[in-house]
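For reference, chains read A, B, C, D, E and F in written order, and residue numbers begin at 1 within each chain.
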Amino acid sequence: MDMNENKTNEKVEETRLPDTKEGKLVKALIGKAPYAEGSVRRERRVEFHVPAERIHDFLELASETFEMLMQISVVDWLKEGEFEVVYQLWSVSEGVHAFVRTRIPREDAKLPTVMDIWPVAETYEREAHEFFGIIFKGNPRLGPFLLEPREYEKHPLRKDFNMLSYVKAIYGDDFDRYDESKTNYVI
Amino acid sequence: MFDWRLILDAIGILIYALIVGFIFMGIERKAMARIQRRIGPPIYQPIIDTLKLLGKKESVSHGFVYNFGPVFALGVSITALLFIPIANFQLFSSNADLIVVAYLLEVPMLGIMLGAMSSGNPYSALGVQRGLLTMVAMQLPYGLAIIALVQHWGTFKLSQLVALQQLQGWSITVPALALAFIVFDIVFQALLGLEPFDIITAPAEISMGPMVEYGGKHAALLFTQHAVQLFAETAFFAVLFFGGASNLLDLFLKQLLVLFIAIFVASIYPRFTIDQAAKFFWKWPTIIGIIAVLLTV
Amino acid sequence: MTNPEVPKELREEAKGHDMYLHPIAKDTYELFFGPQHMATENFSIILKMDGNRVEKAIVNPGFLHRGFEKLAEQRPYFTNIALLLRICVPESDVPENIYSMAVDEIVGWEVPERAVWIRTTVLEMARLSAWMFWIMGFGNEIGLYTAGQWAAAYRERFMRLFEELTGGRVYHIYTVPGGVRRDIPGDRWLRQLRDTVEYIKSKMKDFDEILFDNYITFERTEGVGVMDRRFALKHAVTGPNLRATGVPYDVRKDDPYYLYPELDFEVPVLKEGDSLARVLVRRYEMEQDLYILEQLLDMGPPSGPYMVQDARLKALPRFKPPKGDAYAHVESTKGDFGAYVVSNGTHKPYRVHVRGPSQSHGVTVLEELLKGARLADVPVILKTLDNCPPDIDR
Amino acid sequence: MDERKDFGENDGVIHYELQEFKLFEPLFKWARKKSLWIVAFCTGCGGIEMPPLATARYDFERFGIMPNPAPRMADLFLITGYVTPKTLKRIIITYEMMQDPKYLLAHGSCPINGGVYWDSYNVVKQLDKYIPIDVAIAGCMPRPEAVMDGIMEIMRKIETGEADGWKRYRENYEYYRRNQDKLFGEGWREKEAKRWLAWI
Amino acid sequence: MTLVPEAYVVPLTLFSPLVFGVLAWLFDRDWVRETLGVIGAAVPLTVLSLAYEKASSGTISYTIDTGVFKLHFVLNSLSWYFAFIGALVGIAMAFGLSSTSRRGYDWLFSLMSFTGVMGVFLARDFVSLFLFWELMTFGSFMMVLRRNRHESLKYFVLSVIGAYSMLLAIGMVYAKTGTLDYAMASQTLLLLTKMGGVSKAYVDTIFALFLLAFGVKAGVVPLHVWAPGAYGENDQSYTSFFSGVLSKAGVYGFIITLFVMPSLYGIYFAMGTFHGHLTGTYLIAWAGAVTVVVASFLAVLQEDIRKLLAYSSVGQVGYIILALGVFNGVAVGGAMFHVLSHAMFKGLFWLISAALILRTGKTRFEDFGGLAEKMPVTFAMALIAVLSLAGIPPMAGFASKWLIYEGAIQAHMPLVAGTIFLGSALAFAYVVRFLYAVWFGQRPSDLDDVREAPLPLLVGMTVLAIPNIVFGIAPGLAVRLINRFFNTNITVNSYYSISTPTGTYNALSVTLVLIVGLAIAGLVYIYGANARKIKVTNTYQSGNPVTEEYNLVIRRNFYRPLAEALDFWLKYSWDRFYERLANLSEDFADWLREGFYNGNVQSYSWYLAIILLILAIWGVL
Amino acid sequence: MGMARVVGEDKVKLRKSFVKPWMGIKYLFKKPVTIKIPYEKMEPAPKYRGFHTLDWKKCVGCNFCGQICPARAIEMTWIEVDGKLEKRPHPKVDYGRCTFCQFCVDVCPTGALGFSESYILTTGGLDEELELYNWVPINPKKVRELNERFGDYRFPVERIEKKPDGTYIYHLRDGSKVEFKIVGYGLRPPKKPQPKPAAKPAEKKEAKAEKPAEKPAGKKEEPKAEEKKE
């Protein structure tokens, strides 16, 4: 599908960090990891941009304040040819949510695993691998997880996976029980 | 050679026991349903279930023992039934022995276990394992309760036991035997396979355990067996502790009393795990049983 | 033996990891636990058993995978509500709310007060009905069917209230970005809600007596499936499961949303981290939820519109929020339920990613906790983690 | 390994004789109608409406219906909603394990025409291509009353002999088998079974 | 009996096994040694069968004069009973051996122990008892030695302890009475006690030493530790004899101690009672009860087919000991009956295990499975053995247990009776585990070409299987026999019905009703739809497909929950206790050697002086 | 935000008991909470989201309903009643897809599309029986009338008769009939002499094409342009 004509990689405005607990948190972390950019989005939401090579180091640092890895979200920016991987962190002690963003090229989508920092990442990475084909180096259980092998090979959440045509190829005649072709317009 | 009266009596008892056993199963479901605040199935539902299972058009088998298990179980249950003094029909029970009956009441389990095992299903095997361990666990208090009874009345003959009780009062009126009664009642729960000792079937854990592979006529046989067994066990209980009965109505009421206690316990307690059940049986029921036995020596 | 389905390059990488070496052992046996099983709701665990003990558990989810996240990219913003709520079937208002909150944040809508009150109430009702459902599930797993039967019947009262409020029994499709779809049907509904709260409150005693105080419940849960605080944090355990290990983290307190900052309630915390602690924490939360609902009813719904006034809503199928992304999460009975929504300015979301609590509870944590558990503990652990398969699968 | 070794034709569902009980058939028909045991398998969202049905509020045990964990004993299979291919495999295996006569009730929209997942890559669109449906009920999800109505309908059909899904499955086994194989690929049972060998 | 002159009965019974054993060893050739061996085992059986009339109505005596001692042998109804059981199992063993063994060695020593056991049963004086006892022990020891040195050593040490204590006891008896004949010795002993010539402690010691000696052979807990190893690490056909008959020699020893030497009994009567029970027998009863429970629990938890059967043997012999200890007519009758039924079913069990091991070469449960299809006859035999061991009513195992149980209750030993209840449930548990692991479920692929057991083995099994059923349906047969030598207090109403003062067991009516019940159940079964056989993989696996490559059978740790419930008790083990004891004594010896035998002449002279001093004080010098 | 009010063991922990569960038995003699369907009726809530109704007069064929539908259950259908083609297409609802979210009703600009509380539709599993799942909703008045008459909240149509020329006859529950002919689908009116069998294979062929190409005939609205770019 064609979702990608709008770029959203506008640079986050480098505003001065506010003098709140969030601001202090970001400042402290940036101080330790100068390669990362950090900003405060709103109360209880902070954001970091980290280059992919340093992501493991950064997360290791961040795990001291942000105890929990809530999710690894992947966004497929087809136009830019990049995956944006967002590590959603939550700090139980501070009550702050952090987005740790990194970008990797679609063709060579590889990242180090963070299983050693948060064992739960195993599941998240399996899922991200299954849906986007990102390889997390060091995670031993990558492979079909939720999906059957046939769908797994397609990495269905990639933007270039055309679901409708795939479904029609698989189900063919079964696609619609009744005569009328309801697919002649797309929402 | 043939004593026709005896044979007719036996058939009559069998049919009566079968129907009442099924009704008991129905009552069990119905009463539990009422405690659970719902209406529940009609009281004759188990009969319908069994008929349906028997009427299945297809039947699968895992070999000879798989078929033999349920047949054996039902056969032994019928045998046990015929040795229990049921009201004034004393068929073979005139000289029936308590031990023989107590044994016969346990043997059907072996039949079911044999059949279940032969299917090779791990769930069945787990059910078998649990069933046998439950048996091992409950055997000590069960034996003690029976011993206390025998020690007190000084006879193994069931008919004599009934006669003595009707002369001198029911067993539970004797303090020592009241303790034995408590023990027997706890064991009874396991005999019937009800909570907290329904470890054998535990649907949420091992999906009915030994029953998991059975369907169609095999399951119908097991249901019939369960009905006969339920009747026999409640009657056995009534004979041992409630003085038996002189007529069927009397017996029925006593059986019902026994059954309701079991239903109550079953509907308010969750199930133990098998090792907890073993530990439980070897703790309080055994201690009470020993006290009961020592009081009767 | 290597897994033939894993791509070659991955196999190379994982070499030496025992997961890929498979000696077919005779001393252990395999037990397929689910999906066609009473204790799992279309979810499968493959257990490697030694006697009655689990040696190793492998979770096999995905039976309910429908590709929500892909589907959500194909549908307009509002329509997605009708889709995403299916992620958590017993508590379907939670996905509705997180998605709506995230979209609200992207658009920058200030949800009207009345809608906020309704949303809070709906969430709490959903929590209570989910608790009832959980009691049923837990009761069934440990073999106490009576409590389950009662609980499922009492849950119907909430179903009825939902039905009158939203027009749907299970799938309410009610909370939408910008507010809610319908107004409260009237004071009668509020009275009914209060009656229901009172009723459930009176019935809580029954549940205490038969289930939570029951000797055997304690026996079955004490010391089963123990996790400690550190383990819980590393495995992103949330909700009552986390609180049972001694961490007082509750989204309603720590990242407050809706009316929760104004409400008075307590966060129960135990430090044992076993199944019993999880059960007891849940029980206490039930009481707290009833209390919260009472407070909400005392507060009364503020007057005003129940939907934001926005001209863009005139053409609902074509509604376009600005570019941006947002993460919203709420406290569900199962834990911290979150959604990450990315908008690229078109009328369909660019990416929706849902964070179900069972994703962490139901896979890694479960596999860890099951190691060495008795078979009889498996359903107990499953149920006290309150594992909800659809939210793993999505 | 030879595929037929484990999942041979002879071990399938079609090559066996059926027993006819001429004398007691009416009685059995009545019993079948009055005692429907459901195989416990929530295949989709509709599973959430099963507990209300089974419990105090709607209590379908009044009709002799009860959930049964074992497929061998069960008579009625409720497909409670959408079916993913992964689940469909299990459904087919379980359905074949049930003993004739057996009935199948499809809940809601999804098994009929894909439902809200009409374009999902992981949801089966028309269930009756793979296993025969006896009764379908509309709704998303159907209210318990609607399910109850479906069950009544199945009871009526059993009495009149219209509930013949199991017969259709036997008679058209080749057709169903072909559709299944088309969706999952030949030898899918074997492949599916072997999948886990590497992991355990 | 004219066929065999009376004079030859005893020597033929006694020596034909040994002679033919030696011949088999000499002519160590296929067919020849088997034929010789079977003949050797068959002769005693034939002779004994022919001598039944004579032995049951009177006695047949035989004496060997060696010059130094006179060895007396008597065939009366008691010894006939035991010898006949021995001979029956012996012939089955011989059939078994001809399939399982290809060595003259085995034939020699197994038949040697056959002779030994016959000698023990027929002996009428202590010398012949001791001689043949040692012959028996030596034969069985050599059988174990060939297979496992460690286990044979264990057996050897315990046997030696037993033998020494027996020798000591015999010496003590001889020292006081000057005679070695059972009857004479006991008479004299009784007289001496009454006159005060012998102290109570002296008789106590004799009694205890005898019990120790026989207890070792019978495998009473805690002296059972040799049994699992010796029974297991052996030719299984021979084990059927070893466990079925040799353990009965121990039982027979108990009987000698308790009954044949009535004086000891009489003395014991005088020794006092405990709660109305004779203290000595009460202790024996409890020893038996403990044996039953401990061995049965251990049997349940075994992972090896031989170990399971071995512990089961120990447990079942425990029943007999228990019944002897209960010490009333009914119980002793039950004990005698159980001697018969245990020999039959356990012999059968061991032959089955012999067949299994012969055909598969495996012993551990985790290697077996699904053999019922491959070895149907053996499986049928296994079912009979299982039903009999588990004590299912129309089987011999039930009748004997029933008698023991009634006896225990009548003797007011309720707790002992409780252990019988527990023991029978445990027996259920372990036989079912045996059935499950070996015969049912998935068959490991390496067992695909297993064949039915060879014919001789099957013949041997049949020889033992038939009595299980016959004596089960007609318990009167056995009880009538037992009544000849014991006043058991059991009335034999007919062949099928026996009565005790409190209860009646009518095996025929039970059997008939059971057949009727099975017929009814069978009718219901036949009415249903035809059954179609399906594969073992076509089972409920929560809806998942499986292949044969999965292991779906609980092959190991089947009763793990029990082990977990018992984990407190299982921490303690007699085996480990003895090992520790052995280590301790070794350490002590080391310490002795280093401390005393330090090579210093001076210290040696000191020791000598001290010893002389002590002796002087004691008044010896 | 103030710190969380945390309560610990002292309040949360309970004491186990053997006796208390016995209180549960009291319900044995209380009235069950069961609704005795079918003897007892349970009304769905007012405004329960059931089957659709459609006022054909009001419907302007704007296809808002079709666009908002998450299940793609609505298809605009050109209908010929008594030989007269309706001016605008009407939505045809497929209950094999409908999720009963009623967003279509919400967005209907004229209020033509509505819903009733009826929710029961039970059919057999055969293809011809499943035809009942796909219908052009009928007039709300008629539905209300039927509901009042029967009061069991069933689907108003009992049977759909389909004739080879595209004529559909809805046999309503009270015996009355609704008869019309479907001449085509899509937003654009069908060409007058459209032979039905010819149109169908063409459609199917397109459906099977690799890309879900928009049917050019059906394209009218401009906003869809952005989806066309693949």
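Couple of notes before you dig in:
The rule we apply is simple: contacts are C-beta pairs under 8 Å (C-beta built on N, C-alpha and C of every residue); 3 or more make two chains touch, one makes a residue touch a chain.
Only a predicted model underlies this, so the values are computations on that prediction, with no experimental measurement involved.
Between chain A and chain C, the least number of touch steps comes to 1.
Listed by label, the chains touching chain A and chain F alike are C, D.
Seen from the Cα centre of chain B, the chain whose own Cα centre is farthest off is A. More C-beta pairs touch across the B-E interface than across any other pair of chains.
Farthest chain from chain F, judged by C-alpha centroids: E. With centres defined as mean CA coordinates, chain E is found 35 Å away from chain B.
Distance between chain centres (mean CA atoms), chain C to chain F: 29 Å. Note: centroid distance chain E to chain F, computed from Cα atoms, is 79 Å. Separating the centre of chain A from that of chain B, both taken as means of CA atoms, is a distance of 61 Å.
For chain D, the set of residues that touch two or more other chains comprises 16, 18-19, 40-41, 55-57, 59, 62, 69-72, 86, 90, 94, 112-114, 116, 118-122, 140, 143, 197. Residue numbers of chain E whose C-beta contacts span two or more other chains: 528-530, 532, 534, 538, 540-544, 546, 549-550, 552-554, 558-559, 561. Annotation for chain A: residues touching 2 or more other chains are 1, 95, 147-148, 156, 163-164, 175-178, 182-183, 186-187.
Each chain pair that touches appears in this list: A-C, A-D, A-F, B-C, B-D, B-E, B-F, C-D, C-E, C-F, D-E, D-F. For chain F in complex with chain A, the residues that touch the partner chain are 1, 66-69, 72-75, 77, 92, 94, 96, 127, 130-131, 133-134, 185-187, 200, 203-204, 206-212, 214-215, 218-219, 224, 226-230. For chain C in complex with chain E, the residues that touch the partner chain are 24-30, 32-37, 40, 44, 49-53, 374. Those residues of chain B lying in contact with chain F across their complex are 31, 33-39, 264, 267-269. Residues 32-38, 42, 44, 51, 70-73, 94-100, 119-127, 129-130, 133, 153-155 of chain F are the ones touching chain D in the complex.
The residues of chain A lying in touch with chain F in their complex are 1-2, 5, 95, 162, 164-165, 168-169, 172, 175-187.
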